[in-house]
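The data blocks that follow each hold one structure.
Look for chain A in each of the two complexes below; its partner is chain B in the first and chain C in the second.
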Partner chain A sequence: MRTKEKQNKTRLFFLGVLVAIMLIVTACAPQPAPAPAEEPAGLAEEQPAAEAPVAEAPSEETEETEETPVEEVVEEPGFMVERFRAAIIGDESTLNPFTYVTGEPGWNVLMMQYDSLFTMNIVGEPVPWLVTDWSLSEDGLSYTLSLRDDVSWNDGTPFTAHDVKFTFDYLTLNAVGRFARDIRGFESAEVVDDYQVVINLVNPNPGYVRLAFADVPIIPQHIWEGVNDPQNHQFEDVTNVGTGPYMLMEYAPDQFYRFVANENYFAGMPTVGELVLIKFADDAGAQAAFRTNEVDMIFRVIPPEQIDLLSMVDGVSIAQGPLFGTQMLMMNYDVEPFNLVEVRQAVAYALDREDMIDTVYLGAATAGSNGWIHPDSPFYNSQIVQEYNPERAVELLESVGIVDSDGGGVREYEGAELSFELITPSGNALRLRLAELIKEMLAQVGIQVNVASVEQTTWEDMVWPEFDITFGRSYELSMWGWSAPVQADVFRAPELVHSDPLIGPLNLSGANSEDIDRIANEMASSQDPEYRTEKIKELQQAIADEMPFVILMYPDGNYAYWSSVYDNLAFIAGQGVVNKLSFLPESARP
Partner chain B sequence: MSTLTSVQVEKTRHEDKPVRRRFNPSTFAGWMGGVIIVGLILVAIFAKQLSPYDPAERVGRPFQPPSAEHLLGTNDIGQDILSELIYGSRVSLTIGIVASLVTMGIGTTVGLLAGYFPKRLGKVLMRIVDLVLIVPFLPLLILLAAYLGRSLFNTVMIIGVLSWAGTARVIRSHVLTIVQQDYVLASRTIGAGDLHIITMHILPQVLLLAVGQFVQATSGAILLEASLSFLGLGDPLQKSWGTVLYWAQVRGVFLTPAWRWWVLPAGLLISLAALGFALLGFSLEQVINPRLRNSH
Partner chain C sequence: MRIGLKGNRLLEYLLVFIVAVTLNFFLPRLMPGNPLALLAGVDVGLMTPEERAEVIIEAGLDQPLWKQYFKYIGNLLRGDFGYSYRQKMPIIDMIMDRLPWTLLITGLSLIVSSILGVVLGAIAAWYRAKAIDISLLWTMILLGSMPSFWLGMLLISVVSVENRLLPSFGAITPAMSLTGWEKTKDILEHAVLPVTTLSILSVPGIFLTMRYTMLGVLGEDFIRTARAKGLSEKVVLFRHVVRNSLAPVVTILAIRLGYAFGGTVVTETVFSYPGLGRLIYESVSNRDYPVLQAAFLVITIAVLVSNILADLMYPILDPRART
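Then we have the complex of A and B:
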């Protein structure tokens, strides 16, 4: 008996210990956050004080240089800054045109080593770069390009028209992905002389300057002509031979890249002597390093909630500008009553875009235009108005007999309650929040919305099965967004709204408007830039009237950088600040 | 040796004064657990009266620090965090309790059948139990949650389906001993069917045991729900403690001072609930489980 008692006692004791352990374990387990979070939070408060004296001196210098006449800066030997360190997330491989990984910042960094025939200026318009003069034949098929004669590859070989022809021929054979898409429609290239080349197209393509000439890096014939498998080719030297302002000197996979300025760059001496890209595993790591100024910039857009926090740090500034991505609400024409234009208009009137931007993006977005095109685009039709007007929304709904006859707060259409499912991909937190606000705002005008957060693939399958609109669609309302390239070329707009699936392969709402189709066809029939500009403005009005989707906003690009270290970044509309112009003196920018 | 004597002394005292109970840490823990749970359940029931705002309504600027109006500040779209947590107790506790009910249901059924038919069916069932026990739990949980999609129902089912094996084992071993009891034998000899014996004689015996298992499982289920929601594998539109943490994570709060009023309270509540059920569970097990039962 005694031993049994003892056993029970010991057991009880162990249980006590167990409970204590449980207490500790349960108390610790769910909050892994505080420990790591404490550090950056504390640093954020302390760092500026420690950093301030160091930070002030260079910032004064930068201000002075800005005020002095530009020519002097160019003539002055030496760099504004010897070294600039930027954080990247993810490795970009050897960063040549066939190995770089991401569209942003991979392509952007690639283009610091290489040049394209045209380049984007600050407002996002293509301007001649390697080209001095150009003309397009009457039939719209042949571009005659005169090239600069003062450009050389950074191994000393002169750059000539042969390199241009070689690039287009080589990409036709070897390119996949972006550059293959860019040059689509290329037929042949003819070298007229060393500094003149003619590019022939299969069909007229007025967007070709923007799509191909301003996007494709020209590669040196003497380096690549012997390379048969460019994706896997191993060069003996990591140095990528380009014409650009920076040369890759050192690459440690998964660690860093070191670029050195090309002091003989044709457009002008780069402003930063050495550019170091440091690879981080995730955003949190990059932000922590940024806060302590271990890096001077993050080569990636920062989330809206970080804008205020980071800009409060002494010496840090935020470069803000337009990017052409969108957040939008899709309405399926196959689901009644979204086939009625009044209903679609009412939905647009009921949504308070400013409120959404202030709440979800904390102000860091531009309100959507009903005509699809970003207000900062030179093709924007400023006649288009969009307003938040719930009374008008109610009028429109009632004009087509959609009333709340049973007083339940939800309107009915042909006896059925106006209740819809709004799907949104579960991986996109901001979109989910927008969906919640849409639900709240549409409830105000008597439209019931149930937000469903679904897996990415489910969501795509419901909105755009097989990425082919001829398979139809099975959503009622959906959050959606097009990435910047869709809008960067404004003349692609018919793809979104044309009722013919061949002309409108991105028409995910099922829009079928005679007006839109007619204007789009007229636009496509002409090569005259003025006529096309007139038509694209007309098309925006037609889209705004038809309202096949609601453009909620264009999220702004926000980049955090230590302006106390270097304050000369150039924000290219639609492309952001990671570009070669950011590291060239202002006099050298087109 | 000293332990032995102290046991002896206590034993004598206990026998001398049977009316006055000695202090039992297990009972105390049980009471503590009970108080915590009752407290949280009251909060859940009276969430409407207790919370200062409707948690679904945007009542202020986003990302506000604590103030007199918003004791725990506001979240990323300006909803009151305190109200979110108060209402969150409903979802978190419900999921915890329902998921462990599922656990108990499956575990008890399997345990009963395996114990009552130990030969063929029992062997098959116990091998399944072994399988469920050895499969790495958390990765499978995350995989299933990602595969099945996000909803309250899925969260409940996933937790339930993956955590019943332990319960089944405990129940089975208890059933194995009950089946050997004379009254079961007697019942069988007078021609009672299996169903009758299971429902009338065995189930009532194991039910108490199952309740103990249920309380313990709830503690685990609450933690699991929070983990899944935090990872973004729960339904982000349901306000639970785990989703409050999820939104803190996706909106970068962990890197800012806001973790103190956004992350910490949610974490503490989850710990508190898990602790409450764990304490009660341990205490109940002391009373219920025959192998641990005090023989005083």
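Then we have the complex of A and C:
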């Protein structure tokens, strides 16, 4: 028979039910402690003052948030750290030169296993790596490269000039992907002897060392010569055969990669014995695991609002330095009155870049130069000035008859209100915030802007349909940004602004300036470095005068890492810290 | 008594299957955006038009849609899902790598949530309109309306970050080469939070179904008869009420079993769990059509099969449905 229960008994039961779910959560044994953050043996603290070349590197210093006991550490062979765990977002497939997925960090991690002929040093200049000596013929067409004779593939086969020739020939034959584009203009390669090779080009290309030699991984002939379909070829062995400091030992899809140090690496013994890359689905997951030190680092730039938050954690440091990515405001020349230089200039004057950097990037960015090139670049034209001057913006607008005749707060051009749609990709919170600020700033000078957040690919299609500018464009104003490689080689600047689609394939605003075209053509006509440097400075001035887009800022790279676990990262200007130099002793860095 | 499917019912399933496969082919292609960026990488703008064309041709995207469609059907029949655009691997391998993980967490959560849902639903119905019923009802409505990503993040933050009780991500501690019991323990620890999230989200549905069905049963004449016969409350409850209330719940569970193959996109993403749901998430954001098609096909087949199972099981549970 049912009996009437006491009221408090019911309540107890109710509470029991409520906590039942909580029990599922708590009724489990605590997880074994994450791999111990051992005191790294032989970890020599960085002494920037003692290393002159390193000290010159811009913003190379990392924040020292903790007291470092000055201790004489006995040098012993072995790793600084046995194991280092880093978070990446997404899966990079089997990580060979034909299967890696993203440009960053995919390419960076790929290059842990492979080497290129040249590599970037800390300041972001290409320096010989697999190469010992090199010379360029007078006509600018033939590079003679002497190679190191002490390099082996990680399967034991010696590395020779035949592998270099093979790499160039193979990429020409299988012309897909980044590396095939890198070597564009390659004509032939001749093996002089086992350690000397000549690379011949179709046309002189002064950027070739940076574009091709410092970017393309050299691949082993004995592995790839039998592979006809490199993209879809599945190797039996998970370890990719390269010459680099790390060897892939384990690949767990959507879970992790495990790399082991190549102790015979020609440039020196790697500093970390085992490199584990853990794959996260999104940033939030990676950050949670970083805070609990389930990973020691995030192989990706952290958003500005995380910088202070994470650097407050005991044992965590932030590596900060320049990257060559950009945030820009694009103006479509086809949309009147953006065809008028005065209007484009006015827009630039009306934007307070410092305010945007403080508000959106919390200071972690460098203000954009109107001449496109980063102030940290040796090719920067320091004559170029950009200022926030809304009065000047108003003058310029009124000089072309754009006035607010009806007093409504919005100016009119040829009878119509000056109102534009500013599109920005929906997945990018920073760009959306910048767009909102632009809206407010332009409203101050009487230009009305409506911000529209659109899906990523729709946005790309509006600005750059089919990734081919000859298809035109269908935006009015758009947020945009170029990745680091576009700016890393300053001589690529004409691609952004030249009116001929073949020379200016990235000219997304539709700029057509005789000055720009002329200077770019003059620059292309010569091989003389001095003349070209003079011309690139002239070109910057011409771009600033024409103002085909507004460079808002160059966001700094901020990487969070547990310096208490490992503190030997190398920030390469324009590339960040995810590189092989970060895992080599300082003495081995070029 | 005959338990089985009639011929025309089987035909219906076949028809549904064909429609699903066809939709599956067209849907991703109707989405906006150009897969070229993905096929060719970030520097797509630097490619010459010839190079772009080559990329498109290599992927077979230059062919008219109907040709692509028949090629797709032909490959399906041969069990060939093709290669992922993004990862350049055989898709079948990618799916088989991830399916076991998905089945682990969805399977466990299905068990946990059915037990909790049935038991709590029965309790609520038995004590109808009492404090315990009302509180359970409110709790379930509250739980059922929580977004899964929010719940997952809350669990990560409270359990993993603040209290360090359980790992916050993944299916196994990376690169530890654990074996035997250690490995099992590690896998189970990693499964706790995703399973908890999934269970909390699916208990309310089962609870409500169980409760309402049982309330209906409780009002039936045969229950009154049973009580009148002087059967004990226990016998009435378990032999007559609960048993007669299970049929709709089992149907729901069978359908959920089908969806279990699809994983749970949001939960797997929040916990960076290496399952099929996360593969779908990453393929959607990268427009990796072939992977999406294959993943959806797996889900379609699983849902159809579990529907057939439910069809077959119903007559066992409910003699009235027998033919």
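FYI, the second predicted complex is superposed on the first by the 506 of 590 C-alpha atoms of A that agree within 3 Å, B and C clash if a C-alpha of one lies under 4 Å from a C-alpha of the other, contacts with A are read in each partner's own complex, and residues count from 1 in each chain.
FYI, contacts are C-beta pairs under 8 Å (C-beta built on N, C-alpha and C of every residue); 3 or more make two chains touch, one makes a residue touch a chain.
In this text the structure is predicted, and so the values were computed from the model without any measurement.
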Looking at the overlay, does A:Asp282 come into contact with chain B only (first), chain C only (second), both, or neither? second
Touch check for A:Gly409: first (chain B), second (chain C), both, or neither? neither
In the superposed arrangement, which partner chain does A:Phe467 touch: chain B (first), chain C (second), both, or neither? second
Based on the superposed arrangement, let me know which partner A:Gly103 touches: chain B (first), chain C (second), both, or neither? second
Should A:Asp91 be classified as contacting the first partner (chain B), the second (chain C), both, or neither? second
In the overlaid three-chain picture, which partner chain does A:Thr292 touch, first (chain B) or second (chain C), both, or neither? second
Chain B or chain C, by number of chain A residues touched: C
Could you tell me if A:Glu455 is touching chain B, chain C, both of them or neither one (first, second, both, neither)? both
For A:Pro158, decide between first (touching chain B), second (touching chain C), both and neither. neither
Please report the chain A residues shared by its interface with chain B and its interface with chain C. 2, 11, 18, 26, 29-31, 34, 284, 288, 455, 458
Residue numbers of chain A touching chain C in their complex, please. 1-2, 7, 10-11, 13-14, 17-18, 20-21, 24-26, 28-32, 34-35, 85, 90-91, 93-94, 98-99, 101, 103, 175-178, 180-181, 231-232, 234, 250, 252-256, 258, 274, 276, 278-282, 284-286, 288-289, 291-292, 294, 455-458, 460-461, 464, 466-469, 483, 485, 495, 505-506
Can you tell me which positions in chain A touch chain B when the two form their complex? 2, 4-6, 8-9, 11-12, 15-16, 18-19, 22-23, 26-27, 29-31, 33-34, 36-37, 40-41, 44-45, 283-284, 287-288, 303, 305-306, 309, 359-360, 362, 426-427, 429, 432-433, 436-437, 440, 451, 453-455, 458
Complex contacts: residues of chain C adjacent to chain A: 32-34, 36-37, 40-47, 49, 51-52, 54-55, 58, 83, 86-90, 94, 97-98, 112, 116, 120, 130-132, 135-136, 139, 143, 153, 155-157, 159-161, 164-176, 185-186, 189, 192-193, 196, 199-200, 233, 268-275, 278-279, 281-282, 287
Residue ranges of chain B touching chain A (in the complex, touch as defined): 3-4, 7-8, 11, 25-26, 29, 58, 62-63, 76-78, 146, 149-150, 219, 223, 226-227, 230, 232, 235-237, 245, 247-257, 259, 263-264, 267-268, 270-271, 274-275, 278-279, 282, 286, 292, 294-295
